[in-house]
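The first chain written gets the first letter, and so on, giving A, B, C and D; residue counts start at 1 in each chain.
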Amino acid sequence: MISVRIADAAFDPYQALALFQRGHTESGAVASFIGLVRNQNDDKPVATLSLSHYPAMTEKKLLGFAETANNRWQIDRVLVIHRVGDMAPGDPIVLVACASAHRADAFAATEYLMDKLKTEAPFWKAEIAPDGARRWVDAREVDNERATRWDSVDK
Amino acid sequence: MNEPTIKILYFAWVQEQIGTDEEALTPPADIETIAGLVDWLKTQSDGHRNALSDVSRLRFAIDAEFADPHSPIAGAGEIAIFPPVTGGMR
Amino acid sequence: MISVRIADAAFDPYQALALFQRGHTESGAVASFIGLVRNQNDDKPVATLSLSHYPAMTEKKLLGFAETANNRWQIDRVLVIHRVGDMAPGDPIVLVACASAHRADAFAATEYLMDKLKTEAPFWKAEIAPDGARRWVDAREVDNERATRWDSVDK
Amino acid sequence: MNEPTIKILYFAWVQEQIGTDEEALTPPADIETIAGLVDWLKTQSDGHRNALSDVSRLRFAIDAEFADPHSPIAGAGEIAIFPPVTGGMR
């Protein structure tokens, strides 16, 4: 089962994780990643994180990543929730969870999805400082390098 | 001859600098690739020229699939131009 | 901050995860693993999982693993909760969570801790079938092999 | 000469087969290692002999630190004998 959601308002990742696993006693291993807005980035304070996206493309890409993960690893269920819009420090940005009978598969699929969300999903972050200054976040080369380790998976 | 109209989408700082999130344009028939389209778009306004001046800082999608400067645009309904993506988490 | 707990009664891993992160806006990346009792193992139905341990050694080992993880990777906080006693299918057995400014460190530390819990913490599982038959779970060679990838970390 | 009393702990099926979780014993002074201790323990009862018959299936700890059959037991206050551990998650 694959579940992908773009959230345009705050979501509770802990509750989402509880619901994700409720009633599923066949897969005992649940790896997950929760990303939250940090109060600073590169030593600059952040008051608001504003996330825009390309709606027609986002959901399609996220579904594609989840399907690839589902085919590559032994996983029973995948959940991806990604926020868009304006967020404050501490607000959840992203939740990825993979349930499997085997922890190694659950971990690998979760890491794969996080790398893909970072490098191949059409999201853009702008940080707004406490003084109102707005700054578009730059992509980092290290993320692209990290994502290349999945090249054989994506083929 | 009727050249087709293409919907062009802009995101993030490309959108801010051009001043619009979307426009419907009819590029000349001799434009075959994304790179050609970008060169033509730069002639549309100062905002376009500034936003699109450095193609190495831009990424593209044709009908919601990633494309590159050499990708042919024939048959495209929607072309998006944007900076490298920055979703997910560090 | 390192927090390690042996739970002799049911715990809520989702709530524990929410509390773990509450108020911490400096570390945006939280990797976690939740293990739950499966309703079968090796195609044999499981009614109860009974987990015993060596109390004087368990907490000491868990703290040691968490400290090693904390030294090896850039992590801000580590949480380990491991159940002992009798559990039903679906009940949480283990929660490991690592918070960091960087997702790669959070993932690596969480996987390290799960491998160590599996191979070097003095826990023993017995499965009780619906007919009451009791069976001690055997250790698996694959887990020991998997754990050897951390040998350089443990040195 | 007073040989020291050692607390011996058993876990999991070792505990079940021996029939106790803990006993305080005074091994002879010429026993120097875990392996020697196990051989001596096997003489204590049928349960001990059965539980401890295959040393390759056993693991050990001295004062709550993992040990192996060759580890010296001099000075040990507490020795634990148990099967390979099976915590965590598959």
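In this text, a contact is a pair of C-beta atoms (placed from the backbone, for glycine too) under 8 Å apart; a residue touches a chain by one contact, two chains touch by 3 or more.
The structure displayed is predicted, hence computed values, not measured ones.
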If a chain touches chain A and chain C alike, it appears here: B, D
Separation of mean Cα positions, chain C and chain B [Å, integer]: 49
Intercentroid distance (Cα basis), chain D paired with chain C, Å: 26
Computed distance of Cα centres, chain D from chain B, in Å: 73
Contacts with 2+ other chains: residues of chain A: 28-29, 33, 35, 93, 101, 103, 114
Sites on chain B at which at least two other chains make contact: 89-90
Touch-based graph of the chains, sorted into line, ring, star, complete or other: other
Which chain pairs touch, all of them: A-B, A-C, A-D, B-C, C-D
Residues on chain B engaged by chain A in the complex (per definition of touch): 9, 11-13, 61, 64-66, 78, 80, 82-90
Complex interface listing, chain A residues touching chain D: 28-29, 101-103
Residues of chain A defined as touching chain C within the complex: 12, 14-15, 17-18, 21, 23-40, 89-90, 93, 101, 103-104, 106-107, 110-111, 114, 146
Chain D contact footprint on chain C (complex, rising order): 33, 35, 51-54, 56-57, 60, 82, 93-94, 114-115, 117-126, 136-140, 143
Touching residues (chain side chain D, partner chain A) in the complex: 89-90
